[in-house]
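Chain lettering (A, B, C and D) follows the sequence in which the chains are written, and residue indices restart at 1 in each chain.
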């Protein structure tokens, strides 16, 4: 049972609603004696927090994390780490008929269908604010992984406009408000998203996450596959509709000859792969190549254009979402994607150590 | 921990290797008093079994299932159901240098990297023979779901050739060896795959699985999401490299206006959705619309064209896979996809009942 | 993996140390639409909190619970419920050589052996303060169970002095500081424990927990047995060294004739049991009779008499525990026992509903 | 969810009924490269199998185990190990009114109350035959633990007659049909049990299990405690009604001074404990001393003396159990107890390695 828990050995449970007093997570299973301070976590939260450019929601949240347990004299103790982030800008307002209407693309209707009740303030539990807790957990997961593994994500497509792969540069990612690895494309996106934002519209995106330095042998057949775990990790992020590993959907178009990642003898007796169609995973187990995951984020469902819907009484209504929102929610999914990659890898590192010593 | 177990309340554990004496699964948590006989399972296994056309491997396996426990006088008893399928055509042969060489695209290298040992006969545990156990479990899951839910899958793309959606007809699916819902496309695929087969090559495919009749309210935030569970379910199938829900990767290209599934008042006070970009899932919970999942299957890695690789000693080798293989392994993934959809839904039906009564 | 999580469908994860800023728990899986307010929980915490008589530790903690998530407009929403209790009396003091010495009977040495680090302030994570979170979770579990099930616990033995069963009266339990169901025995215990307290010594106890109104059919073979779950629940409470169901250890002394709980036809076609040696559980499943569990609590390890031990450097030391402590820690185990019974039953109620409708 | 699965990292799932074609278990998570053959398991099964003396049931079962998967060329591969034992002496007979009557002390009534159906042949799933699968799993767990850990169990009390501790000798255990470590007591038990057997009666027993060589540091607070896991492990064995760790129920009678296991400086900087009231576990974590568990087994419920009961129609009946049965089912619980100790320790060895490296 894991409705609000992710992971097996490195596992975290998140709690909190968009407009409740706070949100957070309990991280269990963390190895002892790791250096851990709030500053190690805050930097990642800052990357995700709203209101940093005109391209993200204008909700003002400092997202300050507090370590409530599990750390003693600056080191992890092996006991559960509780991280808490207070909500400070859950603006008091009249939700009016939004409280009873089902916004298209949101979880309003399905929460009522399931539970018969929902916290309608800011989306309640279904709000992307929950991902702050993931980012915090991801920061701890990076500590578990140690310095040998590099995890980075970038936005590689916005709407129909993908980056130019020949210009891919990780160093560009933090130079623009889109986490875009291609400066030229970032410039074009700026104009485009500005227009979308002014129209009260929104647009989808594709995020790519890459982990380098993962040794061969992590993961496990057949229901603990590293790729299957990454699929559920990414698909659990708000608004994600598809997950690709390596060649992804394109793999369907290839022949066996094209898809084969050939090997040559490499260093230390390890094979040196000549390509990475597999995305660093074969049979659910890492190959030692970069682990490459991409996922599609749908456009923010909150838009200014009126949409037809119904309310809790089954009556026809028109829904317009004013308020604060992200015109491209994919942007803030970038640090969340890194965090989910980190927690999956930390879990598999520990699983591998448990079984294979 | 669930290396070989799938599901929470409806859960099954598979065991067995390609060339061992048998394979099977233990299904735990099945409700009591369901009618269950071997005949209820055999039909689904027959659909998956090899050697049914020239387009699948020529290994001859009757795949006869035996119920070893959990059924008394034709009814489930609530205790674990053990299903066993004996391997009969695990041809004795000289594996020669394949035993020491790493076939590109296969799990040979990663198993050695992880475990230091592998059963190289027919791929051992990494063989797609394991999916026979999934299909058997899926047949039991359908019993749990009952007659109100229809689960069907089809192959909708082979290589670059997708079906024509205007000709989509579920009734065509069993009229051709590809589970193709479009008779015209099936005819073209026949020629194409025949050529590929004769060349000893292989090709990828896209499978679509649809569940109709799923009530609104199944699934759960935030790590028990129905779509996240479907993602891990499909990604765990051999050779799958991408999973899409509803609009899938295309969602990245849409605006908020295009992506919104508008609602009108429907029957019984339920909303009547005007489109299904969501694929029947919002916020991880079913909407009552058809649940739509697609996934990409890479081309079979076993091909006649020599590929460069290394062996267990780190030496350069060339690998050619003769023997029996599927030129398009996506075909036999169709009944497996249905089975995985069924087990995920059965699990969520029970989870929903547990929490929401 | 469940180092800090208890339960399957009704499950809670506790966090926090004795002298950290706060402690709490996340309760996941709670059904929606249950009335829940802090007042529903506080009463149970008050029963457990320290400093209520001279027979318990003089640490002053108000143990005020805050609901941080999962409740909206007074009702549960089906999303995780975070409960937080701030620590207010984590007295600043010089721990001196206690910080490096291993107190006999405490977890000091084993935490160091496992983790290489320990929060020595008040026992850190191994402190019985963690049980406040269990009591809070138990209050929510009672809501899940509803009014038809009565859960009560009592202290039935202190040292070698057991109650007189003929005087057992649940109404007496709250009339004395021992939760003793026998007023006469309570009076004798008062004198005895006063002497022990003044000597700086401590004494063990036996607690009995009884759940009435549990319907027949909860529990499950063979590793989800109701009695096995109760065993792990009670054994996980600090200082517990034995758990009995029904006849318990005495069952070893009985013949088959003596142990048989005979049945006569009862109401509604249900059997009317003539005795309850089974403690309300047969084959791991409830019989409809009262579920009866007893457990032994060892004497508090913190005593004034010097005990031989070693320190972290492997040197011989003498340990004397001054400070605040419970002379009979069994007393405060009573509300904890009720809570653990409640959470196990709530979990099995939901498990039963999931599988058997 | 773990109705039929035990363990976290070393975990096994059992299946099968008393009178079905076979029973077995799937063991998942086993480290690779361990030597494993059927002969390694068979010896333990032989110790448990029925019909070895007049003091156990006369059912004749060879209990021959077959390894169906997970082992290649004599070594574990890291994939699931399926072990199967065929039932050969499930005597065809007329169950007559037993099929509809609820035998006191058996799980007949509770299975019907839960599931509405039961396999009444030989107790079906509730039969102690299930423990054969546990013993098989225990043999594999011993392989995981390696040679440094010794696990032994003995029957230390039959009815009211306990062994004389001064004569405790592990070497005696296999010299008598009771696994009794005291030859003198074994002689007395022989006469006593013979009389009980001839009367068609039965008697309870106490079993003690001791693990030596367990390093300090295995186990985990607060719901992964080694003692709590042992409690659930032993309580899940058929007919067990109580579990004790170390001093057990007697701990309730002790003062803090009596209960303190004092320490002196020992070898390698480790403490040398002066007593073992704790049973080798403090705060849920092993101390390095012997881990000592005892449990009470109730008398076999199958007896010749007529007992009052009801049938499935709610009518009064008298139940007499003829057929084959164990007059003291505690005897055959001895190898089962060893197996459960082994699986719990193997699991915790792997858990410790995962978190603490």
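A few remarks follow.
Here is the rule we go by: a contact is a pair of C-beta atoms (placed from the backbone, for glycine too) under 8 Å apart; a residue touches a chain by one contact, two chains touch by 3 or more.
Quick caveat: nothing in here was measured; it's all calculated off a predicted structure.
The chains touching chain B as well as chain D are A, C. The interface in A-D, C-D or A-C that matches B-D, meaning over half of the contact pairs are the same by residue number, belongs to A-C. With respect to chain B, maximal separation of chain centres occurs for C (centres as means of Cα atoms). Simply put, of A-B and B-C, more C-beta pairs touch at A-B. Distance between chain A and chain B, defined via averaged C-alpha coordinates, is recorded as 26 Å. Chain B and chain C have centres, each the mean of its CA atoms, that are 46 Å apart. In chain D, the positions touching at least two other chains are 1, 3-5, 8-9, 14, 29, 32, 78-79, 114-116, 125, 220-221, 351, 356.
In the complex of the two chains, the chain D residues touching chain B come out as 1, 3-5, 8-9, 11, 13-17, 20-24, 26, 28-29, 32-33, 66, 68-70, 72, 75, 77-82, 114-119, 124-125. Across the interface of their complex, chain A is touched by residues 1-6, 8, 14, 102, 104-107, 109-111, 113-116, 125-126, 130, 157-160, 196, 201-206, 215-225, 227-236, 241-266, 269-271, 274, 277-279, 281-288, 296-303, 305, 307-310, 313-316, 330, 351-352, 356 of chain B. Residues 1, 9, 29-32, 78-79, 220-221, 350-351, 353-357 of chain B are the ones touching chain C in the complex.
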